[in-house]
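Next up, some structures in structure tokens.
Shared chain: subunit A. Partners: subunit B in the first complex, subunit C in the second.
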Partner chain A sequence: MTIELKGRIDSNNASQVEKSILAQLEGKSREAVVLDAAALEYISSAGLRIILRIKKNCPDLRIVNVNSEVYEILDMTGFTEMMTVEKAYRVVTLDGCEEIGRGANGSIYRIDQDNVIKVYNNADALADIQHEREVAKLALILGIPTAISYDVVRVGDSYGSVFELLNARSFSKILAEEPEKMDFCVQEYVKMLKKIHETQVPAGKLPDMKETALSWARFMQDHLPGEAGKKLLALIEAVPHDDHMIHGDYHTKNLMLQNDEVLIIDMDTLAVGHPIFELASMFNSLVGYSELDHETIKRFQGFDYETGRRFWHRSLSAYLGTNCETKIREVEDKARVLGYTRMIRRSIRRKGLENEKTRAEIALWKEELLALLEKTDTLLFSLNELEIDAEEDRLQEVQAFVDEHLEAADCPVKAQMQIAVAVEEIFVNIASYAYVPEKGKAKVRVEVSDEPVSVTITFVDHGIPYDPVAREDPDVTLPASQRDIGGLGIFMTKQIMDDVAYEYKDGQNILTLKKRL
Partner chain B sequence: MLNINKTIDEGKASYLLEGRLDTVTAPELEKELKASLDGISELTLDFEKLDYISSAGLRVLLSTQKVMTKQGKLKIVHVNETIMEIFEVTGFTDILTIE
Partner chain C sequence: MEQHLKIDLHMHSTVSDGTDTPEEILARVREAGIALFAVTDHDAVKAGRIIPPLLAEGDPAFLTGAEFSCRDEEGKYHILGYGYDPDAEPIRKLVETGHGLRMNKVQARLDFLKKEFGFAFPEKELNWLFAQDNPGKPHIANLMVRLGYAETKEQAIKDFINRIHFRNEYVRPEQAIQSILGGGGIPVLAHPSYGDGDQLILGAEMEKRLQRLMEFGLQGVEAFYSGFTPRIRGELLSFAERLGLYVTAGSDYHGKNKLIDLGDTGLDEAAAWPEGLRRFLNDTEKKQKKHEI
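Moving on, here comes the complex of A and B:
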């Protein structure tokens, strides 16, 4: 039963309107009553009281086609939370609009200088739009710079959500037009990626990527030899639950440079999980999808296959904090296991086996996947950065973390022990003095470089500014009776490491230790 | 992890240290020594099974050396190469009696 509301409803005509509505409802079912507000211009509190009274008898009352002024009134007065209120959608055409981005569930167009619109592939996209809006809000609150849509519009037969995005250029465009900005793009791409992966998400707010990956693996059981299929499932099963955020579709068209600010968009694939799942989809978008037909990436990202490969390799190296090829290759292979799994499944579901070109693609990916499954024992890898409570009893964890990276780099045992001494001195220093009497965190980063073979360990804390390097060295020639016990730790650190540098920046103590191996 | 194995015999004490002498374990050794140095004139610290020492460990050695200078002597034996290097850069080779 639909009842139309028209013009203005205020204290002048409220009782008439109410009578008219009651007359229309007379003898009708009170279920599924809809108030159509397409022609409603204004509603005062007298009008709102009518709606409340009707709602009492019609618990499922909905108001639809609400214009934005009326919507604002309903929103302010809490009506949008009490009942279903659907906005009237502005109609937008895309004639002559430039496509600036494309994601898994839709494409993004610029409609004017300040605004872009994401048009969803799915015609019945209102739920998707709502979902994306919610996850984008969540991400923003958790500190991820993103754009949140402020309006929903009709575009032909589908829906679009509108975002404000001023003068923004995607990283794909920058890479295609200004290849000399590769360094900048890698740096910002990895910075944002780390920020996303460092973000802890409250339980239950986002889907678990591991579950999704398990569903791919289950699908693959029919398309892989039994042993290989089982191994794939087991590898994914063994990835522990991780409550950190992953974007899910992190490619260069979804990263925007707006003036000097970097924004990540297309948030509908947001999930939680181990970063290996993210690396898999990054590999696909930058390399995997184009491995057979190198032109694919050009159509999608606008830059060529070589650029994609180089960008992927350099980003992975920066993300892992190493330029050790063995380590990069090792993690790349783990990402490829999941990447091929995902691509094969997607292609088969899209009837890829019925078409010659996609059949060749599936064959190639499957061959690679089988070879990888032979030699892969785990999908896990460790990042080169650890954030930990700056407390003395966490020292062992810090040491274990540093050792793991040094061992992976074949660091000689002696240097490893010396570095451990330096790490202990610095970490215990932070734990003892940086935050007293409060508590705080310390970040430890290990970077291994091939040329020259060296290791760099960086400590970052937000505590009281303190430059340990400036401390005067103790006189190590004095006899025991005259020796003071202070200052020995930082002195040893300076002796052990080839370079110790301190910097105070953005409210952080940053201490960098470097040793050639 | 630090295992301390001590033997005391008529004013002579010997400590066999095994594992790591670091921020976590140094206080254990310090406490152990404080409790039993009375009347000891010859103290031996055996480093044969010690893998690691940090400045927290060095501080215990320094304070022990100060006590022992007054009441007898301290010697450290079986020091491995890496720990020896730490002693060298910190000037501890000049302070301690190392065999």
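Moving on, here comes the complex of A and C:
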């Protein structure tokens, strides 16, 4: 039930207005009464009292399309605390505006040099806008650089939220226009991704991506052979709960470079969960959706299929911290299990099976999915690289990280213990000397290769250049009292490992240790 | 949890612009289970004479009241007076002044309507009008509709009656406050945040207004009022506490003229009452006893 308020309401016409409202309410349900204030210019306290009286009779009363002067009055007097009061929204047209981003729930347009607007796909988007504002705020509080909308406007039949985004370019645009910046894009894309995945989210603040993935898998039960369907469900069920953040729609149109700062936008899909869910949606947007029709990515991201594939591959490699193709392929396959599941479900639900192209796509994805399910035993994976504060009390974490990989490779206990000695020596060395008196980070990368079975551990820091290998080995034949105190640790490391190599590159100390197992 | 009695200290009878006679008001107050009430007609104290003789054993407690319209260079005010002696000279004079100004205004409006629009009012109707305790715009408007000069009461006011602007002749707030005090009563600012009913006065402006009226002798604020939101009420209660003012509660019931329920003041009978209200009730009770003796 909507009642229009018009012109001015003050003591001259208040009782008349009240009578007319009561006449309109006569015999109607008192639920969901809405006062439409689009044509209301002014309201005095005589008018406020009417609203208060209607509110007493209609507890769910809402006032919509309130102009800013009236809104200010309602806000000052505490009406906005007592009932839902919605402002009238500025109307914006998008004629001639460039589309700069696109997400699951809407598209982003630049309206002028400083501002962009996200237009939501569905007409009744106010709740979505509110949700996105809240999660964006949460992300910002948790340290993720993002933009928060400052205004809501009307765009055609839908709503848009307005963000300030100065001189920002999306990574899609950079990749399309300056392919030579691929390295930079991969590096920043992965850096942000890690930052998101390292962010712990307080319980209950964001939806659990595992639940969403389970709902896809349940949907798929009707579209997959019985065994395959069951396996898909079991694989997802076996993914442990994870309270770290995932973006949910992490592709290059949602990553913006604003001056020198990288921002992530389109936060409405924010969730918590295991990173495999993120990798699945990354695979889809960069590769999966365009596997059958390579033009798809061009329309969506602006760069070609090959660029998309390369960007995905290099990002995954950097994210995992390995150049090992087997490992990359392995994790990619896990991501594809979830990726195809999601795409098949989405296509069936959105377009049904009516057109030929969709049918062909679904057939391709299903074939791939069945083959993958055949050979996949778990969706879990581990990163090969750990980035950590170079401080002595983090040593345990480094040891645990290295051990995890060694155990997975069935490394003999003796070798594992020897390696632990070497790892301690090198890490403590970096923690003690690399950044003094400042602090810094160290990266520890562990890769196990099959032929011959061997492990490679790489330490990277960007501290003071120092080559431990160049140091002359101490003369261990001398009596203890005459020996040089330093240098023993690196000597032991050299003894334990089969190969120790140092390199200074791009401002980084890179120390590589190799041992055959 | 405390459990208090129901009170309503702001209502209008046919003595001013309400639609219930004082007798009818009493009946409704009994029905609503109100334990303490005051009839606060505009610039009139007649209900305060009519009602006490009607009160029987077990009836709600009654407090004399009135609502005086005032103005000065700073704005418009409605000032409530409570617990005064209706026969005291200052009160009688104040009512007379108010009534006189009102009658002059009615006459001026009638003259204007006749001169400007040629609306004539028959003798019989005029007699009725002037026999009213407190005739005003609504009464003239009703007459105009009855005589066919206007379609509705609202149109009569908007298109005709409001066309005349008076030279300022009014009761000043200090006059009303001093007279109420002189009659042994307590002056209280009615619906403070709404001025004389159509304004919005909040924050520092409200505080300034209260401090100025306190210099004239104002002693209380009507912080509980049917038209206030919790926010406005909260602001007034904090001013009352800080400035040491009495707190009162009133609905502004007008019978059928306005859709306000008797007893609707926003005061929660189950919650703790502010000190200013408890003090007001204590002090008026003492006053009432003194008058009765």
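Going forward, the second predicted complex is superposed on the first by the 309 of 517 C-alpha atoms of A that agree within 3 Å, B and C clash if a C-alpha of one lies under 4 Å from a C-alpha of the other, contacts with A are read in each partner's own complex, and residues count from 1 in each chain.
Convention: contacts are C-beta pairs under 8 Å (C-beta built on N, C-alpha and C of every residue); 3 or more make two chains touch, one makes a residue touch a chain.
Treat the numbers as computed from the prediction; the structure is a model and nothing was measured.
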First (subunit B), second (subunit C), both or neither touched by A:R53: second
First (subunit B), second (subunit C), both or neither touched by A:M492: first
Partner chain in contact with A:S44 - subunit B first, subunit C second, else both or neither: second
Touching partner for A:L142 - first (subunit B), second (subunit C), both, neither: neither
Which of subunit B and subunit C A:L292 touches, first, second, both or neither: neither
Which superposed partner A:Q418 touches (first subunit B, second subunit C, both, neither): first
First (subunit B), second (subunit C), both or neither touched by A:M82: second
Touching partner for A:S11 - first (subunit B), second (subunit C), both, neither: second
Subunit A-touching residues of subunit C, taken from the complex the two chains share: 152, 154, 157-158, 162, 193-195, 197-200, 202, 226-232, 234, 257-260, 264
Contact footprint of subunit A on subunit B as seen in their complex: 22-24, 51-56, 58-59, 62-63, 65-66, 69, 81-82, 85-86, 89-91, 94-96
For the subunit A and subunit B complex, residues of the former touching the latter: 392-393, 395-396, 414, 417-418, 420-421, 424-425, 428, 476-481, 483, 485, 488-489, 491-492, 495-496
Interfacial residue positions of subunit A with respect to subunit C in the complex: 10-13, 15-16, 18, 22, 44-46, 48-49, 52-53, 56, 73, 76-79, 81-82
